[in-house]
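In the two assemblies presented below, subunit A is common to both, partnered first by subunit B and then by subunit C.
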Partner chain A sequence: MQRRSGRSDGVRKVASGHSGVGVSQVPVAEGKSVQQTVELLARRLEALGADKQGTFGVDCETYHTAAALGTQGQTGKLMYVMHNSEYPLSCFALFENGPCLVADANFDTLMVKLKGFFQNAKANKIESRGTRYQYCDFLVKLGTVTMGPSARGISVEVEYCPCVIANDCWNLLMEFMQSFMGSHAPGIPSVFSTKHDSAYSPGDTMVQYMELFNKIRKQQQVPVAGIR
Partner chain B sequence: MADGALNPGVNLEAFAQAIAAIQALRSSVTRVFDCLKDGMRNKETLEGREKGFVAAFQESLHSVSRDLGELERLSNLVGKPSENHPLHNSGLLSLDPVQDKTPLYSQLLQAYKWSNKLQYHAGLASGLLNQQSLKRSANQMGVSAKRRPKAQPTTLVLPPQYVDDVISRIDRMFPEMSIQLSRPNGTSAMLLVTLGKVLKVIVVMRSLFIDRTIVKGYNENVYTEDGKLDIWSKSNYQVFQKVTDHATTALLHYQLPQMPDVVVRSFMTWLRSYIKLFQAPCQRCGKFLQDGLPPTWRDFRTLEAFHDTCRQ
Partner chain C sequence: MEAPPVTMMPVTGGTINMMEYLLQGSVLDQSLESLLHRLRGLCDNMEPETFLDHEMVFLLKGQQASPFVLRARRSMDKSGMPWHLRYLGQPEIGDKNRHALVRNCVDIATSDNLTDFLVEMGFRMDHEFVAKGHVFRKGIMKIVVYKIFRILMPGNTESIEPLSLSYLVELNVVAPAGQDIVSDDMRNFAEQLKPLVHLEKIDPKRLM
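Right after this comes the complex of A and B.
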């Protein structure tokens, strides 16, 4: 993983190569809670021979461009500030369909200073936390997506570490995901189609999480308990 | 043990005497050398010293010749060992009464069986290998060792310029493959082969022969802390460890001592087929993964992709 100095020297792009990752959402099994479905997936992974390797977390805060900024066309544009425990010294700032910037972790303090221009929509904070698994050269992160107090969904991130070109290993990644997710394995993520032959970067993973979080936010809240 | 039952051809008493005679012979030989080592003892006159030395030397030589004669006489009495036993004299080990403590005989039989089997299998292997067109020793297998052509030494002393030319020609042959040649340890070349954005290979050469090869991921470090190519540590990824094993097998397969440049080119052509390491499904089972690994084997002739367990 990339190492970063504590000194802030502005926003920069991550240059180091990274491996192909697919992030997808798994629907909650019928008649089951989010937690039960996560446990079911964990059992399938362990049956496959995957080993537990600690925990992970990805969080995402939403910022509105403040009205004070003025320009009509810009209103309503959202910025997402995200963190990933795999890159503890980095902070990711993303616009929908827009650029993804990778900054030092103290980017958060900068955002506080910019609160005249960007307002934090605190209620929209969403995160995914769970367990990391290793199977051969695959890294699987099985997470529960929560918004406020309620569990809203399940995220599965699969990384094939030896491969730096996401498009090269997509078929292989799909076959692996199907082996424990069955028919819920995802279609090809949009970041893959735009990447062509360039190397995958951590920002591409964050874009996939952002898209997944947006999808979950728009969904009706899952009735976790008292379904019958 | 009755010696008659043991072996009618051997006279045990003469045997014991012969052993004593050997001991005597050894000690008389030792005396000869002692005498030579001590040199001339202190005597009144120089003449006396010489005389004493020559006499002592003569006497000790006489006793050597006497002991040798005695040993020769006894060896005739001992008689020839019987040739009946299939293992000759080693067959006598079976008569050792303390089998439990010294299971020499059963071990010997076991070793004999193994060496027989080894010879048989080596014969079969030699027959099979001779059918291959590219092999390590084209004219050696199955032919007697005396006729072995001495082809290797000449190709081991190729000028570095020639090696450079061969490598740079191969480098130009394959656009998706880049080869960096360096000579950190004198004349032997080391290559860093980068194949697309898939993998990197460290190749250690001896003249135009490939000695060792290590395959690593495109995003893995191939240098040691002091900036030299790291020829010892293996890849962190299982898939590249497997490909390293297969590449080592390929080195043994592609061999033609008279044309080392053809060998290097064949090996590189084979290596290039890994450009689709993560994209090619197995040609036998049609799947991408087996036990978490993609098809890591490439057929030496067709270059088709197979899982390690799916190849013939």
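Right after this comes the complex of A and C.
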């Protein structure tokens, strides 16, 4: 299928692979089991007929209001600043259950200037990196989610390129995901329910990644067994 | 608390600290046309460009003495343009021979939910105004001649009144830190606008 350049964004669904089940079943060094699951999903996609098309990366940094801001009444808020290789010149800044700002890459420079007010919790930086696959009108991104040196889970992002109205193609996305994810295919994401018939946008993808990363961060980290 | 002087900051992650070099002056309403006429002659040959912008200035107060200031600007007459978020640092204390005001600046294009986002971050709007005028360019220099309007009711940009009987004239360049030769070029250009307008380095602190 010919790739359209400068495409407007199709609808994306970001799902979490069940790395919890995979890791717990295999008492080996953590990294290897996540990798095996990723390889399994990759082989399934290739068996369907998907073609590899380069790599992708999504990362998320966490900022929290510094103690200095206590008097503002805004204590305890977390702000996420994210990047997506699909949009290399952009930066996404969001609050959980709050607005998602799309800005150009200079936003990162601004956060440096704001370091007296917003502290970067560097240990919380989380990212997903992996391969892009194209299958007809679908674009699948299969990524290993890492925090620092440790692999913490798997993300699967599926995009249906021709459609921009989320609710019109959710069923099709579900069916496609089931064909290679089986019972691990997810339920309808919360961003879809608020979209109704409005057009999908890159910010919606980033909200889904943020929710996925938050879920993975809370999952218990796999104890390193040290046995192969 | 402002960031430390830019010349002391390391270049991190490939980002370059950009500086704004600025000269300012003003002309009375009745002298506007002759100034525009001269600028059309001196500046780059391009379609005359007018603008109508709405700017909101936001402050973030912390325990530090001075609040952090951000400026959010949107076009009122051109649809589809991104919003413009701007940070301006304190003017650098340079030698007296430097001809222009120099301060660190960060310019960011954003989506149109900028004001909601700034409020979520803890910023509060301090003041707002409408700016209407003309833009000219000469190489990397930008010359803006505009009138500031006071907004009579907050959030209502339909009902505005001029702040003064004059137009503000600004000559500015945004360039990487350390390019002081820029201010020499600016001074030379400013000479050509005399006596219609006198552009000078005006330190905002000295006005207060």
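In the analysis below, the second predicted complex is superposed on the first by the 187 of 228 C-alpha atoms of A that agree within 3 Å, B and C clash if a C-alpha of one lies under 4 Å from a C-alpha of the other, contacts with A are read in each partner's own complex, and residues count from 1 in each chain.
Note that in this section contacts are C-beta pairs under 8 Å (C-beta built on N, C-alpha and C of every residue); 3 or more make two chains touch, one makes a residue touch a chain.
Since we're looking at a predicted model, the values are computed, not measured.
Within the superposed three-chain model, A:F138 lies in touch with subunit B and out of touch with subunit C [touch as defined at top]. Residue contacts after overlaying the shared chain place A:F176 against subunit B, while subunit C stays out of touching range. Looking at the superposition, the partner that touches the larger set of subunit A residues, subunit B or subunit C, turns out to be C. By the touch criterion stated above, A:L40 is placed in contact with neither subunit B nor subunit C. Of the two partner chains, neither subunit B nor subunit C is touched by A:L78. Applying the stated contact rule after C-alpha superposition, one finds that A:I165 touches subunit B and leaves subunit C untouched. When both complexes are overlaid on chain A, the residue A:F117 reaches subunit C alone and has no touch with subunit B. By the touch rule above, subunit C contacts subunit A in their complex via residues 1, 3, 12-13, 15, 17, 60-64, 68, 85, 87, 89, 106-111, 113-114, 116-117, 120-122. The touching residues of subunit B, counted against subunit A in their complex, run 197-198, 217-219, 237-240, 278-279, 281, 287-289, 291-294. Within the complex formed with subunit C, the subunit A residues making contact are 65-66, 68-72, 74, 77, 79, 93, 95, 98-104, 106-110, 112-114, 116-118, 203.
The part of subunit A that touches subunit B in the complex is made up of residues 16-19, 49, 135-138, 160-165, 168-169, 171-172, 175-176, 179, 197, 199.
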